[in-house]
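Both of the next two complexes hold subunit A, though its partner changes from subunit B to subunit C.
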Partner chain A sequence: MAFKELDPILHSQLRLAVVSLLISVREAEFTFLKEKTNATAGNLSVQINKLKDAGYIEVTKQFSNNYPQTICRITKKGIESFEDYVSALQSYMNLGTP
Partner chain B sequence: MQSENFSPTDSLQLINNMINQAKNRFSENGFLYLLWGWLILFCSLGQFIMMQLHLFKHPEMVWMSTWLAAIFQIIYLVKTKKKEIVKTYSENIINYIWVSFGVCMFILAFTLGKTQGWDIVYALFLMLYGTPTFLSGVVMQFKPLKIGGIVCWVLAIVATLIAPVYGLLLLAAAMVAAWIVPGYLLRKKFKNQNN
Partner chain C sequence: MEENKLSENESLMLITEMISKAKSSYHSNGTGAIMWGIIIFFCSLFDFFQMQFKFDIGFDIWWLMFLALIPQFYMMFKNGKKKNFVSYEETTMSYVWGAFGLSILMLMFFNNYYRPAHSESLFLMLFGIPTFITGGMFRFKPMILGGLICWALFFISLYTDLKINMLLMALAACSAWLIPGIILRKKCSLAAQQANGI
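Here is the complex of A and B:
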């Protein structure tokens, strides 16, 4: 049985965590992602930029009550890549099953 | 969280864990259910008592207070939306359910004003109260709201069997079952989650 290659963008713990959170909600602010992933702000910011550059998420920056807000939303490409990634994981799991 | 290589099993566990964290987040604090539940309870009981005791010429004027509550609600929603750090699909659906309810209430009040069909007003209002309450319960998977919605529908049928003036008492009873009791339970659930 052939198995699919795992998407290197998603096969990283923090980026996968971010995408898994965003797939479950309509949109989330940076602070929510930071709280749920327990990541540092710097690391999270770097990984969010990588996901954004890959076109997997959209990032909107705005001000609310004079505080900057970073809002993240998964894109159609992000959803498709996530589905492909899960499907590839399943093919790996099936290979491991006797 | 590290970004080293990890196995497919770890990946699936992480996905499952993150999806559950987002899914189990409960953002409804019950405030608006309590605000409107208590307000409509007081308005309906107030109108009923004034009508029975002939205290005022226009006891239905108590309902004007709902306009103040509507303005307060708009301000409250604008403020809370700004503080939200995540928006879920279910919250979005629930918001549109209640917007539809508001539109239907407006159309019903307008239509009844034109047709003077006041003898069925309580049955129609109770039917309308039940729908968004039940649907919100379904989306939130919160049983007390589902029961509250069903109680409204049962009371809507009862309203057609009794004298219209007692419809006000049914309205008050519906508020207790549909919005006040679930409102307090939602508040308790919300507080437990955030403690």
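Here is the complex of A and C:
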């Protein structure tokens, strides 16, 4: 049986947490992701950029009441990669069970 | 959250944790339901008393429904500014309740134009639709029951006159929105107390 390789972009704690959050909502602000992941703003910002560069999420920056707002949404590619990642995880788990 | 290497098990646990965190972020405090429940309850009961005691205030009491839209929009705007995410459920709900509001409006125009008999039955039928869907989506039994009660009252209203139908509308408002809204509000304040460790 061939192993499905785990997507290195998703196989990282914070990036996986962000994508798992974004898969459950239509869109989320940076503050929501920070609050739910307990990550530092700097680290979260770096990981969001990596996900954006991979095309897994789209990021919109705007102003609301004179405050900058960063809104993140998962893309179609992000959803497909997440589904592939979960099915790869499941195949690993099934292999581990007797 | 640190950048550690994850095992397969940890990955699955993290996904589950984050999805459940996101899901639990969306909850209604029931204010909208309570407000609409009170308005429909009050208007129906007032209409009933007008017919029972034969008095007229000179305008249609149901116009209050439109007046109630002002605080409703204000609340939506205020809550929207506070929120930092948009859930799929919320989007679906706004379409369902938006469609309901438009249908009610169209039915009111239809009524004013054709003045059909027993149109209150159609209102009762419409009341049941968004209530039942909302209850089903959030697995909130009081609203599922409220929707079913509206539909049961629809059948009863086919055999009763306009005056009694106003009482049935009041009963529908209580069971579909007012009581579920109060239950939601209690649940919400209990959850807030627990979160604050009170």
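Convention: the second predicted complex is superposed on the first by the 98 of 98 C-alpha atoms of A that agree within 3 Å, B and C clash if a C-alpha of one lies under 4 Å from a C-alpha of the other, contacts with A are read in each partner's own complex, and residues count from 1 in each chain.
Throughout what follows, a residue touches a chain if its C-beta (ideal position, glycine included) is under 8 Å from a C-beta of that chain, and two chains touch if they have at least 3 such contacts.
On a predicted model such as this, the values are computed, not experimentally measured, just so you know.
Asker: Contact-wise, after the overlay, does A:K36 reach subunit B, subunit C, both or neither (first, second, both, neither)?
Answerer: A:K36 contacts both subunit B and subunit C.
Asker: Does subunit B (first) or subunit C (second) touch A:S20, or do both, or does neither?
Answerer: Both partners, subunit B and subunit C.
Asker: Does subunit B (first) or subunit C (second) touch A:N66, or do both, or does neither?
Answerer: So A:N66 meets neither subunit B nor subunit C here.
Asker: Could you say whether A:M93 touches subunit B, subunit C, both of them, or neither, answering first, second, both or neither?
Answerer: Both partners, subunit B and subunit C.
Asker: Do subunit B and subunit C touch any of the same residues on subunit A, and if so, which?
Answerer: 6, 11-14, 16-17, 20-21, 23-29, 31-32, 35-39, 43, 64-65, 85-86, 89, 92-93, 96
Asker: Residues of subunit C touching subunit A in their complex?
Answerer: 1-4, 6, 8-9, 11-12, 14-15, 17-19, 21-23, 25, 81, 84-88, 90-91
Asker: With touch defined as at the start, can you tell me which subunit A residues reach subunit B in the complex?
Answerer: These residues of subunit A touch subunit B: 6, 11-17, 20-21, 23-29, 31-32, 35-39, 43, 47, 64-65, 85-86, 89, 92-93, 96.
Asker: Please give the residue numbers of subunit B that touch subunit A in the complex, ascending.
Answerer: Touch list, subunit B to subunit A: 1-6, 8-12, 14-15, 17-19, 21-23, 82, 84-89, 91-92.
Asker: Can you check the complex and tell me which residues of subunit A touch subunit C?
Answerer: Interface residues on subunit A, with respect to subunit C: 6, 11-14, 16-17, 20-21, 23-29, 31-32, 35-39, 43, 64-65, 85-86, 89, 92-93, 96.
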